[in-house]
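Scrolling down, you'll hit the structures one after another.
Two complexes follow with chain A in common, the first pairing it with chain B and the second with chain C.
Then we have the complex of A and B:
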């Protein structure tokens, strides 16, 4: 397996994505959704008080990316990160193109690595677009007033910007964990519906665990635990333990899912 | 072979849940009190300056919180916090807040009507603008680990 071979596969997969409708629609929604949200906020009197920072939406533009983040982690982020990964391998089954693909001078391992790299790049890209557009929507639509954090401390624009960037970066590990789950399901079930749908449903079900009172430790085993870790980055003093647990668990999901997925794809009898 | 691995995995996950399930809820009165008191203490100067009132040094506000649940146990859900603090000119004040605390350590505090010296959901600033009362309802989070 060579790096050059993997980048070649990644390039081909990226070119395929550019021609598909779904990834384009997803990126367009990520780019435009926050502006629609801010337009709605400006038109009505109420604020989304049940979401953290919802009360601050009209007082500081820096609240917008955090309201969007808090809302999106429920099912939007799992959907964004599964939409390409869950379809990538199953599409070859659907179109019956595995045999043609494997006659190329690339090994199965190289094709697997290239496809996985493409899926992760798309997940990161979709999150980056959503983060950037929600920040810009807030700053353009509301303004750059200081943000009151979760400890009641006002954050000056530069500090608020740094915390928001860190908060969005903190959801990357669990998002990649879900991407890896989608890759595995896409390979094992050979179905795009299962590959995209199951990770979203599973992530939603895992988040229902917040309604079950009890110790924190069992919740840390869920891939979605890391989605709440950003709360600690917006308090004074900040706390990082949920971030450490969430990231560790996400990496474990990622490694296990990719290892199993690789094993399945390498051993699969495709000619038969 | 495959079903063996599945069963083994399932048992391991179940065991982990049961083993850690024996512990207590991390949502305790101490954690809530140490989160709510400073948050309220930070919001008071902000609210005073928004209303154009004379500032009170944060150290003079000296908030002490006492929080409990209806059944005096720990856990997520509805809590009541009594905050003793010092307002402008060193006047001792007491306010009661109803808290809704989540399992993730995030809470919403809403002031109990009571004496009403904190005002309603909105205030009118000295220049006539209508502003949200920061002390009427506020959100915060603490480390639940």
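Then we have the complex of A and C:
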């Protein structure tokens, strides 16, 4: 397996994505959704006070990306990441194209790695577009007033920008964990519906489980635990323990899911 | 001359059933090698194993003299082919599909464009090059599959019924192309149901039945092993004629492939007796046409396609 071969496969997969409707729709929604949100906020008198930073959404444009982030981590981020990852392998079964793909000069390991790299790149791209779009929408629609953090301290624009970037970056590990889950489901079930739908449903169920009474330890083992870690970055002083813990759990999901998925794909008979 | 492809003692089991049992297939450079067998005989499974799509349970595969160690590893350079109807990404054009497949073989994009165009031209798909594959007919997909194989500049080419969905002109074009490739030194393995096609195209043949090789050798050798002449028989009651044949060990009969009459294989004496017996049970013989010692008769003889 060589890096050049993996890059080649990634290039081919990206070219395929460019010609598909679903990834383009996802990126368009990521780019335009925050502007629609801000437009709705400007039309209504109330603010989403039950959401973190919701009460500040009309006071500072920097609150917008954080409100969007809080909402998106519930099910939007899992959906954004699963829409490509959950379909990437199952689509080859749906179209019957494994035969075409595996009778070229690339090994199964290289094709697996290239496809996984594409899925991760798309997840990161979708999150980056959503983050950038919500920041721009907030700044354009509301303004660049200082942001009041969770400790009640005002953050100057430059500092607020840094914290917002860190907050969005902190959801990358759990997003990648869910991407890996979607890849595994896509390979094992050979169904795009399962590959895309199950990670979203599972992530939503994990998120909702925090509202059920019970011991805290099992919740920390959920891949979605890391989605709340950004709260610690918006306090003064910031605390990082949930971030470290959530990232560790996400990496564990990622390694286990990809190891199992790789084993399945390199041993599978393409007999259908 | 060293064989380009040597698959020796290949076995494969699916859910407790032997799909292949010790099958061997050897093709030399420049040889057009037919792979024949009834449906479910194991032809496609054998091609899948050689193409690295399916793991073999036993046996060895050597390509250009080198053993293929990893049964599911990448396809060696110079080997190409397809099994069943070739499949492509339906949302991409034929040209785009080939460009992406070519990149998987060789990521020098600049040179791939001309190779793709040349491959499309050789299968007469230039005009439909920019049409989405979703709009292609089965025959066009088959031709695109051949084009995808040609992109690999094959020295071993494995084709699974490449003319099955083509119109007569398209089929002839593919036959001409494989003849040219063989003349250029490519070892072509042609799996086909069309026995006359194999007889006309190939100089060597391997016949598989129920996962085992029942004949492997030259077409000439197969002709010499012919058991008896074959006749096409049309009667007033083919079912009764078939039932009567079942009780005659010296005679082999089967319904014709198109369910139009019977194919009967027997020596002259046995055939005379059979015709007279048909008259005795009130079955009229409408036509009895000599078909010669064709590969079809030999195929029927060697495989379980014949109902005694």
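The criterion applied here is as follows: the second predicted complex is superposed on the first by the 268 of 272 C-alpha atoms of A that agree within 3 Å, B and C clash if a C-alpha of one lies under 4 Å from a C-alpha of the other, contacts with A are read in each partner's own complex, and residues count from 1 in each chain.
In this section, a residue touches a chain if its C-beta (ideal position, glycine included) is under 8 Å from a C-beta of that chain, and two chains touch if they have at least 3 such contacts.
As the structure is a prediction and not an experimental result, all values here were calculated from the model.
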Chain B versus chain C as contact partner of A:221, first or second or both or neither: first
Which superposed partner A:105 touches (first chain B, second chain C, both, neither): second
Touched partner set for A:148, first chain B, second chain C, both or neither: first
Contacts of A:235 with chain B and chain C, given as first, second, both or neither: first
Which superposed partner A:97 touches (first chain B, second chain C, both, neither): second
First (chain B), second (chain C), both or neither touched by A:8: second
Shared chain A surface residues [contacts with chain B and with chain C]: none
Chain C partner contacts - residues on chain A that touch it in the complex: 4, 8-9, 11-12, 15-16, 19-20, 95-108, 110, 266-267, 269-271
Chain B - residues contacting chain A, complex: 13, 16-17, 20-27, 35, 38-43, 46, 75-77, 102-106, 132, 134, 137-145
Complex contacts: residues of chain C adjacent to chain A: 14, 45, 48, 51-55, 72-75, 77, 80-84, 86-92, 96-97, 100-101, 103-107, 148, 152
Chain A residues touching chain B - in the complex, by the definition given at the top: 49, 52-53, 55, 59, 148, 150-154, 209-221, 228, 231-232, 234-236, 239, 241-242, 245
